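Chain lettering (A, B, C and D) follows the sequence in which the chains are written, and residue indices restart at 1 in each chain.
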């Protein structure tokens, strides 16, 4: 199988280009650099993992809202499969992974949701309630597509520490073929839905562009806030 | 004050033109002709009035969903004022009006919602949940703008029976300046929101047109079903 | 494996008992009797199958709304698995099944949604938007649990025609172990959610009972309307 | 007219009692004390005012969602009147008030929404989408009822600085009869809806209590975050 196409063409490429500084602050965040060179303090990573568990539940709800808002069989199917994958497979993997870091599921479920965590998912839900499927997918895009970009970059970067880096499994997960293919499918869905919902190239000439690019940039900044949160574990 | 502009230019005009036969079936329905010449059986009108009371409650909920889905102060304000007008003024007028036909509010509230009534408002709510503000406004348009067209036509038509027509107050309400101005404001909002949400002339060249025109035509057929229901009161 | 427990205990049992005449009109509908003795005209069944294809899409959206409205991992998982099953497996089976009756997927997707079909799913969606997870599950219950009861009864009834009955595969599907187990899981979820959402036995002493039992009875009547629709195929 | 009853009886009283420390942190926040003695830095108040303008828009959307989720005429009417009051009257007053502090509406509308501001309203919206009318009203309660308590306390407290306190108009607004009556109506609605939705005294014996009291306590902490934000204006 050939390598998945870089999803940064199409609408996703235009959106990241339009919020360049925010995007770079997200994908090149100190938290990410700490994963790459293994210098991230363990308690930061554990804090992040526990929040990410809670995040996955609401992220799954948001993708379910995408099913609610779909009217084509391909969109219904793609989002439904993702929701099932997240809730009935990924969360179990996440729990296993957390177990390796000394966090059991009871501890995960009892973790108070941090404001920066809650803010991102609830913002996404509200974009979905207020807008259409495109608004929702654009608010969701920084997460799936951003993690794919981070994973791909770190995995391709010879400077990434391999030996003795406790975060290598994280990098391999998001940089791996399965996640990359999922991200490519998400980017393709974004373009497909944009085309049907009146957002077409040249993107920034479209009436929907100001609102769509604002949603994306806002969501990117909320992802930056999520990394910031990771660096500030409770005492 | 000058007469309000016919709202059938702009998007609304394009939508009615695109579903011409359905639109004519709606605004020229036998129920409407029975109002015009006074021949509508009284029990049909009473059945219609009782269902219309229930309709107003859900129609108000749908316009509240429009507030939920608005992001501009002008849209927020316009829909909020309409919801308040409907619930805190129009319903009281409707109840008074029904009183004149021998229906009190307890009887109105106890009326079972007819399928054709329920179908229209729930379809509208779902278009709002699934789509964006434009999808919702387009699903709502046949009601407000259609009643305005019916009222305006009947009032302007010399063949409309005036003397001794018990339905003249109904015609005067929907043909009157206040309702016409409200409808003109609705049509203007439709054009304004369409422009921001990526639906621009030439309408039928827009990627959103197939879905938008389908929503409108469907809602028009559900309005036809509402008139049909009026002609078939329970025994 | 032991046979699944009859799901008519618990809340579901109370709800069916409370709307006995409507429930009997649903599960003993002439359409159902025509399936049992094989006398249902083929064009009625084909009409039903085409509408059921469209139904499945919106039914899946409604179960996705249940995911959106869930806050426990067990509920999130159960509804997400069902949505994925419906969209990524059941619809394909349904399309295969329809193929055996001469209906291909293009024809299915192009079928206009009949009013009685649209009415049920949009009513369910609105109960979900207006209410909580329990209101939504109760509106959904007549479908899954009713089909399970119909299938189980017909399969257990010696009077059901087996040989030469073209509808036997339909009966075997809904009466079969897999569907019965799914229905038992649904009934168990209903009781579990009711308990958390303030509806507890004695059911009819609960403040939520009037609204919940009205939702259920309304949905049952809309299912009756769905069967009625099946008996009235377009000319 | 007699003074409005303290709304802290009923469900609201139980909710505030159950999260006592959080509630005290909210109504006795340093920001509030700075309003009371006039010591709050002007740039903090201006920052707060600009954020509060944006807050009002989303708060109005949340109350519109309450209309969407209502099924009784009294609830529909009360929430609709509040939304209209907020959008078509209060915001204009707020803009006037801000004008006196040197902030014009263009500046207000161009203010970036602070995370703590966005977090509260989007959390409320999501409680409304996920839950029922009661979940939504409980998430909304800390705002209206908390401001009423703060205003009433400060106005009644002889230690509150009157002469030369630039924040006295703010205190008089929220401590004044009109706002107090609105708050009393909100508290009454909360009890009324709780009764219908299966949450009855003794509150903490109800199956819904853990979730309801968690929603309230969370919203109170988000209000504390809103005050914290006020004390940390951008440089």
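We adopt the following convention: contacts are C-beta pairs under 8 Å (C-beta built on N, C-alpha and C of every residue); 3 or more make two chains touch, one makes a residue touch a chain.
Here the structure is a predicted model, which is why all the values come from computation and not from measurement.
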Comparing B-D with C-D, the busier interface by C-beta pairs is B-D
Using the average of all C-alpha atoms in each chain as its centre, how far is it in Å between chain B and chain D?
36
Give, as an integer number of Å, the spacing between the C-alpha centres of chain C and chain B.
33
Where the centres are mean C-alpha positions, what is the separation of chain C from chain D, in Å?
43
Which residues does chain C have that touch at least 2 chains other than itself?
61, 68, 70, 129-130
What kind of graph do the touching chains make: line, ring, star, complete, other?
complete
Which residues of chain A touch chain C in the complex?
57, 60-61, 64-65, 67-68, 70, 73, 76-77, 80-81, 83-84, 86-88, 91, 109, 125
What does chain C use to touch chain B in their complex?
61, 115-116, 118-119, 122-123, 125-126, 129-130, 222, 225
Spell out the residues on chain B that touch chain A in their complex, using ranges where they run on.
68-71, 129-133, 135, 195-200, 206-208, 211
